[in-house]
Amino acid sequence: MTLGFGVVGTGAIGREHINRISNKLSGGKIVAVTDVNQESAKQTVEQYGLDAVVYPDDKALIADPNVDVVLVTSWGPAHEATVVAAVEAGKYVFCEKPLATTAEGCMRIVQAEMKQGKKLVQVGFMRRYDTGYVALKQAIDKGEIGQPLMVRAVHRNPEVSEAYVTEMAVVDTLIHEIDVLHWLVNDDYKSVQVVFPRKTKYSHGKLQDPQLFTIETNSGIVMNVEVFVNCKYGYDIQCEVIGEDGVAYLPEFPSVVTRKDAKLSSNILMDWKYRFMDAYDIEIQDFMDSINKKGEPQGPTSWDGYIAAVTADACVKAQQTGQKEAITLEERPVFYSENAVLETV
Amino acid sequence: MTLGFGVVGTGAIGREHINRISNKLSGGKIVAVTDVNQESAKQTVEQYGLDAVVYPDDKALIADPNVDVVLVTSWGPAHEATVVAAVEAGKYVFCEKPLATTAEGCMRIVQAEMKQGKKLVQVGFMRRYDTGYVALKQAIDKGEIGQPLMVRAVHRNPEVSEAYVTEMAVVDTLIHEIDVLHWLVNDDYKSVQVVFPRKTKYSHGKLQDPQLFTIETNSGIVMNVEVFVNCKYGYDIQCEVIGEDGVAYLPEFPSVVTRKDAKLSSNILMDWKYRFMDAYDIEIQDFMDSINKKGEPQGPTSWDGYIAAVTADACVKAQQTGQKEAITLEERPVFYSENAVLETV
Amino acid sequence: MTLGFGVVGTGAIGREHINRISNKLSGGKIVAVTDVNQESAKQTVEQYGLDAVVYPDDKALIADPNVDVVLVTSWGPAHEATVVAAVEAGKYVFCEKPLATTAEGCMRIVQAEMKQGKKLVQVGFMRRYDTGYVALKQAIDKGEIGQPLMVRAVHRNPEVSEAYVTEMAVVDTLIHEIDVLHWLVNDDYKSVQVVFPRKTKYSHGKLQDPQLFTIETNSGIVMNVEVFVNCKYGYDIQCEVIGEDGVAYLPEFPSVVTRKDAKLSSNILMDWKYRFMDAYDIEIQDFMDSINKKGEPQGPTSWDGYIAAVTADACVKAQQTGQKEAITLEERPVFYSENAVLETV
Amino acid sequence: MTLGFGVVGTGAIGREHINRISNKLSGGKIVAVTDVNQESAKQTVEQYGLDAVVYPDDKALIADPNVDVVLVTSWGPAHEATVVAAVEAGKYVFCEKPLATTAEGCMRIVQAEMKQGKKLVQVGFMRRYDTGYVALKQAIDKGEIGQPLMVRAVHRNPEVSEAYVTEMAVVDTLIHEIDVLHWLVNDDYKSVQVVFPRKTKYSHGKLQDPQLFTIETNSGIVMNVEVFVNCKYGYDIQCEVIGEDGVAYLPEFPSVVTRKDAKLSSNILMDWKYRFMDAYDIEIQDFMDSINKKGEPQGPTSWDGYIAAVTADACVKAQQTGQKEAITLEERPVFYSENAVLETV
């Protein structure tokens, strides 16, 4: 069955997903689009030669019987209302992060979804589809390094604009580690503390950079996560899990190696777009395949969106207080008890 | 436009391409199949739920007006006749290697294609679509290592069956290096010499293993290519280009790195299927996209198939004589003068 | 001039230094030995064929006019008295760690040495002579990575005995990082906090393992140091300095790399003795050469011994309180103001 | 016992050995020196503050009863006469390469030595003392990669002067691989063939650069050895042994690794002097220790010098003919049957 997608939000990421579904993947078709900027919606239809209706708003789009899936790529504050409406209409939802801008908003989505009696929503945490993270999780799940005890993660960007302030280190950057690390070790977070090292001269007045987060899980795993967004040298995502029997590392992004000018070297990406490009494709293909084969998506759930929201709130508070802050989640509903496991090489 | 594919040959590789086109990629649809074993053709339609006609033979399939592309995945000796017939019918062709089993056969295809006045045929040399080789070629083409002087390539398999004899080191194994290396350095081959090192105890009576090929190009680049198909430890493809200003290496296939049991290690694939899995997808997607955007495929051409056939013949002769054997190509027609360059990261 | 060494303490490390000075290095000669176990002292003279007087105690040994250098390799609690006596006698001293078991004891040595008006004492922190650390320090000092902002260090052992308790993670293990890290970044420590991750099943009741130390310096560099002494997989010393312009890593200990059994791997040492074997040789040779060329040793000073003692005390306190503990040093005397820089490749 | 060294030739390498023996190692003393340039000999004594007699020629020096070892560091053509005279006088000899400039000359030394009834001579092939090569040989000898089948070696220099002509690729450069490779695999050479790839633009009229040597051993191991002395990027020594059960590599020379300017990189040496600096020290210390402990040196023998001479002659001939040339050795005398094995980590 070809899934009909209705796209809410035709900005950059919306268009990328439209292109992906139309021209690279199998199983989906864009049948409807909308945007608060109607001109943008119309241009998108034209640009990609879509056979799609342009709707005045998300409600109208959701109501279209050809729309099987609502793809939410509007700006963050609008996500919650669209997702709740789509879920209540029984539509599948693929929602870019954040699921909602507050923990309460996420919880409202969780409850709407549970009322429908089956999983409808997937949140766009694409790292879980990166072949490197998948291989790392497989190594852990197979017991190759034994019980995890510590994690060290690094999230570095070459630079950020003046608009990027201290809090964004959590909500824009750390948020990816927040999602992927608990999934990686199958555990829930308990507390977080932040230390600010000496500030790089390349940062500006409203941004503390770098930042070091120490996150503890319920079982006692300690995660040291560095966010450093003016590191200058590259876009660099590292992850290392130290277990009772060994250590496993996320693979480096592959690159030609050269011997040249007295250096043996490989390239580090400067542009984050290339790092998870394949993951975005696999993410959406898996979303479509799971719906077709199992009737529900198997990727990051509404509950994962809720976890991310609660954890991000605690991290921001920890930035402000300098103290260890609790990460307090509601009890996980049985509805969300199974953690989907992606199969790969 | 969705391209209609007619598949000639529904063995393992035929089915893999059918699955890829039907369930993973965008722009193609299987509309017809045939196989000398009609039962196999029918089962394939059923297995993949295809909306496709089963034809009694390749001629009937080619004649179907819904067939835009003939996908040739029959056994090697049958390729030439199918390809020539498809080309003469003005159909696009994607033909798995070999294009034909003789140089003369390849030349007949070349001539049939030239008569049509446009490129119709792509040969299934998927390595040109491997992100590693593409990145290596880009480094060379950008002049990062200067003029290439030497190449060292390694093609190792864990083991082969009793059916694999000395000559197959050329026609089944080296054939991939034969295609990819001249493309990599933009040069044509001139001669080849073979040396047989001490034979591994893991080989059998009819197989000299390993083998070392020294191939020279017109411009004087010397390529040392090792074929070692009972190396035991893994499926391992290496390529290193030594230039006037530096050396560039094909990236290792990415893997989780571990520290465990007194070793810092990464995995080497044991199964060749995983090594170029993505390349097969990209190859077919690019084939479809090029036809849709440019009206002709931009991958390995019939001429490349001809080069491979002539070179393989010389390599087999060199295995037998122990002498340096000439690799003598007809002059390259202007028709095939442009070497398509694949764009990537 | 050949330096006459008097050795106080003929246990394992004492004998190793005796062998090194007698049979591997240039410029020294063992002329006297003593040990609380006189039998051990005599056997040592015999074992190494030394032309050396066996003295009943350190005082008698120090008084021997042939003794230019007192090599202190007795047990820790005895160090202070021997060092003070040797310094007061105007003899050079090479003292294995700890210089003294208390900060006050170290300060008494500092004052005795200052009274002599020249540097006489070197403490056996051999890592500063490791070619890897030296190269790392050179990269930092040359500004290759800009101003250091963060350090990540790892100290792992395969396993420890039942006698090794939580506090020893500081005084036996972390002590080497304590010395080498402030030297590496040319800064002084300000505070330390300890977090205990989930305990490995391979540890015993009296040992919290692993442990994570967060040490801050006066200029705001944050150092995350992991001590994990039952990591099972190897003796592994890692150090990474993250600066404003890049990151630099301590080299891995060199090893043959193999492709074998589906793994690309290099060896990790299991036995710590091999890791700094060369550093011990270079350390003692440099000690002798510096005395001969400059009249005083240029390695780790009494003041460095004092820093180590104060810092270790704070780390132990932090283990107990779980809080951030201050590291409060006396003001550095001008006498110790120059940090010796070792030259190397 | 302290060995008295008489040094014949006080040029650069002679002085380096003098410094090493006098100031870095244990067990030797320079007691006599000579040089065809007497002024050089006298200056050397002064420069290093030696307590050594300056002799007018090698004969007088050899006759000095304080001379236990004759260290031959004169220019190549003079080696044979000095070595023969020293051996006939029953003195130990450490002779820098070449042992003699002809195979016949080497054979005369061999015979003189056999007449003395014990090994007296060590040739200065220092690579056998490099910790990397030693570890590689240990891996091979332990059977970690099974029976060796192929070797790939690379010897690259950044650049050479105009004086360096094609033949010197053998006698100055390849000569080190010639010595170390047969030792590594415990085999003798049988033939050699040379191929000249396209010449780098950085080479001059009298130098073919790079060059590829294919050397076969008696047991059928095939060695591909590249000499490339204007590679621009660094001094780079590589060695890889491909066996029936795996592949082992000479370790890279250790270096700080950095992440900087979009590159993950380590340094490659530009200056060859640093590459084997430690090996020179270990070589001379082992020479002295072996004489003291076993009464004879255990390093590369006169017979190894003879092998090098015969092999180099064949390689030069192969450069000229382009054909496969035989490497024909006399039968190995029982006297030289034991291959010393160096122990290390």
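So that you can tell them apart, the chains are marked A, B, C and D in the order they are listed, and the count of residues begins at 1 in each.
Convention: a contact is a pair of C-beta atoms (placed from the backbone, for glycine too) under 8 Å apart; a residue touches a chain by one contact, two chains touch by 3 or more.
Fair warning: this is a prediction, and the values are worked out from it, not measured in the lab.
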In terms of C-beta pairs in contact, which of C-D and B-C ranks higher?
C-D
With centres defined as the mean of C-alpha atoms, identify the chain lying farthest from subunit A.
D
Per the centroid of Cα atoms for each chain, what is the distance between subunit A and subunit C, given in Å?
45
Subunit B to subunit C, mean C-alpha position gap in Å, rounds to 59
If you average the CA atoms of subunit C and of subunit D, how many Å lie between those two points?
37
Residues of subunit D that touch two or more other chains sit at 233, 245-247, 252, 259-261, 266
In their complex, what parts of subunit A are in touch with subunit D?
233-234, 236, 252, 259-270
Interface residues, subunit A side, partner subunit B - complex
22-27, 131-132, 135-136, 139, 144-145, 245-261, 266, 274, 277-278, 285, 289, 345
Using the touch definition up top, name the residues of subunit D that touch subunit B in the complex.
147, 149-150, 152, 195, 197-202, 210, 212, 214, 216, 219-222, 224, 226, 228, 231-233, 242, 244-247
